[in-house]
Amino acid sequence: MSHSAPDHLLERMLFFSDAVFAIAITLLIIEVHVPEIPPGSAPGVYLHALLELLPAFFGYVLSFLVIARFWITHHSAFAHAPPFDAKLLWPNVQLLMSIAFMPFATAFMARNIGAMVPALVYFLVLMVASLLSVRMVRKATLLGDAAALHGVEGLAMLRTRGLSIFFAAALAFALGFFVPQISPAALATAPLWLYLLKRRAQARKG
Amino acid sequence: MSHSAPDHLLERMLFFSDAVFAIAITLLIIEVHVPEIPPGSAPGVYLHALLELLPAFFGYVLSFLVIARFWITHHSAFAHAPPFDAKLLWPNVQLLMSIAFMPFATAFMARNIGAMVPALVYFLVLMVASLLSVRMVRKATLLGDAAALHGVEGLAMLRTRGLSIFFAAALAFALGFFVPQISPAALATAPLWLYLLKRRAQARKG
Amino acid sequence: MSHSAPDHLLERMLFFSDAVFAIAITLLIIEVHVPEIPPGSAPGVYLHALLELLPAFFGYVLSFLVIARFWITHHSAFAHAPPFDAKLLWPNVQLLMSIAFMPFATAFMARNIGAMVPALVYFLVLMVASLLSVRMVRKATLLGDAAALHGVEGLAMLRTRGLSIFFAAALAFALGFFVPQISPAALATAPLWLYLLKRRAQARKG
Amino acid sequence: MSHSAPDHLLERMLFFSDAVFAIAITLLIIEVHVPEIPPGSAPGVYLHALLELLPAFFGYVLSFLVIARFWITHHSAFAHAPPFDAKLLWPNVQLLMSIAFMPFATAFMARNIGAMVPALVYFLVLMVASLLSVRMVRKATLLGDAAALHGVEGLAMLRTRGLSIFFAAALAFALGFFVPQISPAALATAPLWLYLLKRRAQARKG
């Protein structure tokens, strides 16, 4: 299974995208502020400071996985090395704009853990990013012969799988109005939505 | 339409440039500071804090689009994969220096929204960056056979289109002296200037 | 000794990884805060401020070497340009998550130099990162023909050498409970563990 | 003049280096802090704030040019696409460590403009970086056939030209003890040292 190399115009666009994804994902740690602790404090003071950082660590891990997921989707979308089309550029910029916004949304939610508005903002950014990602996958796979690499069914799934994050984020958004404290847990339903999307695709085919 | 690959010396220069563009565009979010809100505040307090961040969000979106536009122009300028010439290096460094300055100019304007001096500084940086970008496009397209890829007319437009941002920023700069509050809106005239540049090119030809 | 080029899917994954390594390693300097010194202070005041930054400089150098070591291991793991396998993606994301965490762990330890808990956190992150790195090397070298490039013995060493950092960090972790002030010195035992791993490999073979 | 492509192991090392150079150069702007100005202040207040930032702008421009110069030297050193050698890795890491340190040294000098110790630290970092750069150029050009691309004389100059920055920084360092305020100006003597190095090379040959 040899993949043809992307031409240099596409390669540069992917390169630029990879760099933005990589910077956004690595900047997440900047928002985890090192606690100020008086020298000579007892170990318990340090442990307590770490405990207070738990929401920040949670935000770091969650958003790291989320951005990685979007990057992997982007990676798959261009796996068949489609010919370059200038029409890809601005939709890609819009996707990257939502990704680069994640460090802010993450820190806003993590520092106000349990609060409604910051949680809603975070889920909203996720919903926007997932829609922009789904659009990008469609645009990328309409160019060139994506089915040759992914197969017809694989391609159909690649095009819709991004919706699983959208549904999970939308559920979290709805829950956020009532129980913001546990609403992030709704993001864990993403695999369930993915399963349902797969079932639906098979039902259509059968 | 197959594009020849750039040689490795040009590729490294483009790579370095892409990285600087990508970092500058992603650093924009760092200047959107997460508001400090006392735990247990009412949702209205959070919404109000978001409202106060509107200028910061506006600056983020505006500069994201601006830097993306400069990157796309850089991408087009080297689309024909010209042979590497060491004379490209320093003009490119100067362009990158103006791009990497954008996060500061953006934050200075956004945190002082409506004030004259920060707006003027922002527009000035834009004017400088667009002139450096136009110069870069000319230098890049003088090497190799750019017309083969873009056509004679397309090449002429590629070389002048960067001026549309210069004109829009210059208009905003002039307006900034009188009505700094609305001067950024003048940047929206960029497509108009682009249209006029196209008209003039066609008039010349006809 | 010509190396085959990695296919574009692997190349993009390596590219993304390199970017995260590069950002994490360069962000280390951000955690070395520039001291605030009243203008017109005597030279001794500046020297004293630098002296107080010694732990920060130490953390910078230590973590720069550590991240560079992990990057070089990653570089070696993919030196034979294995075919791309999507199963590499998430283990790689996990490794990068531990690497991107280093700037926090470094600053936490350096600003609380000599304290037990921050030192233990730092060593723990190192232990996790080294295990994730060892796993990554194994996964990468199971694909394609790594032995052709490294030789059977070289490959065996490449797969286990990451454990030398794990052992050194584990020793530092154990020491950290008793003498946190000098526990980082235990990291210098990494070459010793590497030597022992080599001896053991040779004994097995003989 | 077609350049052979570097093999993928060298390419990855160059890529990683480019990313570190690009991040260090773009992070410089982070150290230019946006001034806090009360809303509704007169334009003169903003101008005054910009005036107070002059040392920060100076540091930004100076270090941008310096890092760009080191990057261009790195670019030239590998222009002949030498075969990869693992012995390049650690000397390269050391060079990058000095480059990534520049944002700190720049901010320390710029915020204490005119003070002796911060100026000396800056020049010292420059001296170290230039020596590490000269060493890197030598190691890179000893591999493969650098003379074929650069010519014998061009190669000799490429190997010594980095010393011009060392001499300029050393002069600035010496001046810094007596007149720290104007010592940075000594960096402008770099072209002079380059000229002298060229003269000496020609005298040797004649």
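Here the chain labels run A, B, C and D in written order, and each chain numbers its own residues starting at 1.
Criterion: a contact is a pair of C-beta atoms (placed from the backbone, for glycine too) under 8 Å apart; a residue touches a chain by one contact, two chains touch by 3 or more.
Here the structure is a predicted model, which means the values were calculated and not measured.
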Checklist entry - Both subunit B and subunit D are touched by which chains? => result none
Item to check | Rotational angle, Cα trace of subunit A fitted to subunit B, multiple of 5° | outcome: 90
Checklist entry - Are the two sides of the subunit C and subunit D contact the same residues or different ones, given that same means over half of the numbers occur on both copies? => result different
Item to check | Chain located farthest away, centre of subunit D as origin (C-alpha) | outcome: A
Checklist entry - Using the average of all C-alpha atoms in each chain as its centre, how far is it in Å between subunit A and subunit C? => result 26
Checklist entry - Between subunit A and subunit D, what's the gap in Å when you average each chain's C-alpha atoms? => result 37
Item to check | Of all residues in subunit A, the ones touching two or more other chains | outcome: 15, 19, 23, 27, 30
Checklist entry - Of all possible chain pairs, which ones touch? => result A-B, A-C, B-D, C-D
Checklist outcome for this item: As the complex stands, subunit B meets subunit D at residues 7-9, 12-13, 15-16, 19-20, 23-24, 27, 30-31, 83-84, 89-90, 93, 96-97, 100-101, 103-104, 107-108, 111-112, 115-118, 121
Checklist entry - Which positions of subunit C touch subunit D when the two form their complex? => result 1-6, 11, 14-15, 18-19, 21-23, 25-30, 32, 34-37, 39, 41, 43, 46-47, 50, 60-61, 64-65, 68, 71-72, 75, 79, 81
